[in-house]
Amino acid sequence: MKRAILYLESLNFIARGPALIATAIIVVTIGYAGWSGDRWRDAKRSGLESFEAEKLDALAKWRDGLVQIENGTRQAKPRDANPMSISFPAVLPPSSLGDFAIGHADLHPDSAEISPWRNPSSMFGRYQFDNPTTLASSRFDVVVVIILLLPLLMIAVSFDVLAGDRARGALSMVLSFPIRLTSLAWSRLLVRNGLLWVTAVLVMTCLLLLNDAGGDRYARFGLWLGVCLAYGLFWLTVIALCVAYIPTAINTAAALVAVWMVLALALPATVTTISEAAFPTPSRLAYLSEIRRAQTETNRELDRLTAKYLIDHPELTVGNEELPSFYRAAFISNQIARDRTRPILEAYEAARAGRAQTLRWAQYLSPSIIAQRLLNFTADADLDRQHRFQAQARDALEQLSVAVGPAVVSRNRLSAAEFDTLSLFSFQERSLAELAWLAAVPMAFLLLSSALLAVVAHRRLGAIRLHD
Amino acid sequence: MKSALIRKDSLVLRREFLLKALLAAVIALALISVMTGLQRERVFLHERAEAERIDKEVWMGQGERNPHSAAHFSRYAFRPPSPLALLDPGTSDFAGLAIWMEAHYQDPAVFRRAEDGGELSRYVMLSPAFLLLTAAPLLIFLMMHASVAGEREDGTLRQLLAAGVRRGHFFVGKFRAGWDITMLVYTPIFLLMAGCSLAASPAELSADTVFRLLAMYVAYAAYLSISVAVAIGVSALCRTRQAAFLALAGVWAVMTVLVPRFATDVGTTLTPQPDARQTERDLRAAAMVLSRDKERQQQIKDDVLARYGVEDEADLPINYSAYRLQVSEELSIPEFERVYGALEDRYRAQEGVLRWFSVLSPTIATASLSRGMAATDRVHQRAFTVSAELHRRDMIKLLNEDYMHNAGDAGSKYTADEALWARFDDFDHPIPGLVSIGGRYIADAALLLMWLCIAMLAGYGCVRRAVATEAKAA
Amino acid sequence: MTSTKNMLEARGLCKQFGPTVALEDFSLTVPEGEVVCLLGANGAGKTTTINLFLGFLQPDRGEALVGGIDVAEAPFEARRRLAYLPESVALYPKLTGLENLSFFDQLAGGSRSPQDLSKLLLDAGFPKEAHHRRAATYSKGMRQKVGIAIATARQARALLLDEPLSGLDPSAASTLGVQIGKLRDDGCAVMMATHDIFRAKEVGDRIGIMMHGKLVNMLDAASLDAREIEQIYLEHLREADASRHQEHAL
């Protein structure tokens, strides 16, 4: 029987049917998305590498100067080897699977300057140069193809697996043979959708090999495929359910398109809008205002603030008085800005946690939300990674401020030995185990709901009587 | 006969249960988008007003200070809120809201609200414009998919032909029935959303806003009319409801979801986004054009000494440092214009690709017109940044000139006070009138008009063909 | 005990759809090598009878047996012994006649070579030049002939035909009638639903007259001419109508 169905589908669907168009669409869209993602990632990587090299080069020169002053091989001017001039690069490296998903990675800062000149607001530099028109439409990455396009193609090739034959009268002819309707429906659904998914997996595997970026790319790809297939399985069972319950092809197609619209567009849009309204983040303008206030306060009360700092650090002795006061002013201003904006950042984190919590539950309303999140997580294109980078960079800045603050305020230099205890910034990635843990429950939900839908669809298919 | 056809088709459409259910869902989504948008805009307007107030407060309260130090501290320019932003937030969330008007440097607009968005915000965002651009065509396609294919499938088209119905009347009947219902639903929903948007805005209703609203209404009406014509045309190409439905679902997905995203991606792949770090380096270099050129510095000094007929800068009647700062500002201006001009060229090249893709999807041109009319597109953002830059130049010049002429013997120890700070006007950038920038939208309007004409002609052509095929079969 | 000669056997079959009685106490046997035509108007219960034998419907009472196997209990076992030809044989339009036949052959567990399949088509009177043309271009008569080839390929011992000759031109109907006769001669038990008295007389060995879900008479086709069969049929029709009017009046 399976041989017969394969024979039928190979001629009716694959050789002379919509399979060629559908597979061509998959090859072109995933292929293009991967190619364009790779170009984007390469550009990003090269920009980050040159930034990092430039900063590290400057840092090495600064240290050389300090060593020369310490060795007495160089006559030191007051501004030379000043601790305020220490500047570490902090970069968020593109993910090993970054060509598959762009997600939030094109909107947020991916580099920062860890320097006492900087405060938590200014450390990420000026990065807002992208065209807002193109940013607003989002990129066409592999996630878009998987989440939006593939379910539509699955619907297009599957909606008439029974209804088409039924309308032509071929179904009663086929079922006059010793074949179950359930076997017929599932076999055809599996052949048709299997072809689409095999094509998609093959194209993605080609991208994996062609755009190889090393690292944990292959392990991540394994998880990526798992999510894709679980999502595909969900849609397969939704289609099977509609095929089982709705006798006419037009109504099956209408219902499936409506389900797609609700699950892939309307629900994610509504969930986002409602969660953002329920957990508003503190305004960036309020953040700006606090920093401005901190700067004014420092300007007005530099002497009092310096004295306070020195009282808090009785071990300090004031060094070179020739050094301009704006070094000290800038440092203290940044410390005040940091302290003043801390509650705002905390409120921001609280709002973000609220939204994340909402989404953790709301994702179960739509498999598109689950798959979109998990794919972005797997390819490190999620919002959380951007925020973790910013938080880690802020922590690094704070550590540097603690290390150089006394020297800056007391107008002294750091020793080379003290400098060498400072460590370079390295972004702490989420481990694969964490990623797998994060994906476990939503994946289990996808699989369980698919299984449930499959059972209901199977029962219904088994109960269908052609002429009742 | 024509009115009988319109009446018949309207009746058939009104009796579609699926359509009523979907319409109810879309209206519910429209209400959610308006309610949440209202809340968002209110909060934002309050925060903006507060930020403006604090900016002025800290400027005025900065105490005694050297004017150049004040120029470094400077002020912020805040983007004016658009009264129609609720209707179409456009690109406003992805463009910076505030520009620091500091000395030496032309900053980009910073603080993009999209950076505060949630996990799914880059995937899809609900707004009235999103619903009109994506959900409305789907509803129309669902409503109209059987318009001709159903008549062919049921054989009623042949009966109509036998009754002497002309193909022109047949097309007009179908179009008017779909169009009447579409407008009947669209107009009140648009008015409701526009009303909420205006109510959320503190600005008084101006003639420009009314004109913009009218233009937006017409643009969407044209877009929806195109959708009606496309639905009839595709339906006429198909022999069965099923084929028509599937074809229209495909057209919808391609037209409203895939092509706009694909076009954006092609645009940014052909003309990549600028490397932010390189742009920052270029801007820094532009700011230091004089400080890095020792020869020029000397030449400027010589010129000014010669102009005042003195040999030492201490003998100059002006503060030379302040003079040099102002010259540096002026020398940096063309450099900044070059950097930002290159960025503008890059943006336009990307948007040019988008416009080319408008040939494949009217959604792109409509979206562009919609955000233009809502004053939430890049054209308006550019007007804001240009205006802020002009204000920055005036402000820094005034500060440098005060330093130049009043420093006297105090030199770099010279300080000014609140009397000087109060001489500066607040930054005020009204949204440019549509009359002044309307020309930027002619291409999109022409594309939409072209789409309308082609959709109508093609729709009629397809109906003609279907009628001819049926007549032959009869 | 069921005779192995009786390939198709109905025992007191009853089927009701809501308030409508589609089949009432229907009993019939069709032995191997015999064609029984069920003659009746639309709604007489002919198609319901065929659907009960196919297992597409479950009887409310009674049994439908194919080769002694109860269809309701073992529908797949029963279908292995059956072939079915509907009023309009539905083929896959993108496949050629030969490919359609190959598919249905494989569905029945066969694996005939293209040459064998081609021969089956030729035997069914299907023109050779159309073997490799897509089925979308076939006339109804051509599709019915492919249907006969499909039935032959199954080597079924029982054949159910649901109005297979309706809508065919006289020549095509006659050719198909000959093909059905051949199957009967090969030992196949044939049950054919029809409302065409003359075709029933031509093809059938026995003719069962059905009225409102009941088998009201069984005639020997060889001993009556078409006009006589028509007279008997119309008489039954009048009686049935009168009886229904009486029921309504009461």
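Labels for the chains are A, B and C, by order of writing; each one numbers its residues from 1.
Just so we're on the same page, a residue touches a chain if its C-beta (ideal position, glycine included) is under 8 Å from a C-beta of that chain, and two chains touch if they have at least 3 such contacts.
Everything quoted here is computed from the prediction, not taken from an experiment.
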Chain-contact steps, minimal, separating chain C from chain B: 2
Chain separated most widely from chain B, comparing mean CA positions: C
Chain pair, A-C or A-B, that carries the greater number of C-beta contacts: A-B
Chain occupying the most central position, where position means C-alpha average: A
For chain B paired with chain C, centre-to-centre distance based on mean C-alpha positions, whole Å: 69
Separation of mean Cα positions, chain C and chain A [Å, integer]: 63
Where chain A and chain B are represented by their mean Cα positions, the distance between them in whole Å: 26
For the chain C and chain A complex, residues of the former touching the latter: 47-48, 51, 54, 56-58, 76-77, 79-80, 82-84, 86, 88-95, 99, 102-104, 106-109, 147, 150, 154, 160
Chain B residues touching chain A - in the complex, by the definition given at the top: 18, 22, 25, 29, 32-33, 36, 39-40, 43-44, 47-48, 50-51, 54-55, 58, 61-63, 65, 69, 73, 76, 78, 90-98, 107-126, 130, 134-135, 138, 142, 240-242, 245-246, 249-250, 253, 257-258, 260-269, 272-280, 283, 343, 346-347, 350-351, 354, 377-378, 381
List of chain A residues in touch with chain C within their complex: 1, 3-4, 7-8, 11-12, 16-17, 165, 168-180, 465-468
Chain B-touching residues of chain A, taken from the complex the two chains share: 32-33, 36, 39-40, 43, 47, 50-51, 103-104, 106-109, 111, 125-141, 144, 147-149, 152, 155-156, 159-160, 248-250, 253-254, 257-258, 261-262, 265-266, 268-277, 280-281, 283-289, 292-293, 295-296, 299-300, 348, 355-356, 359, 369, 372-373, 376, 382-384
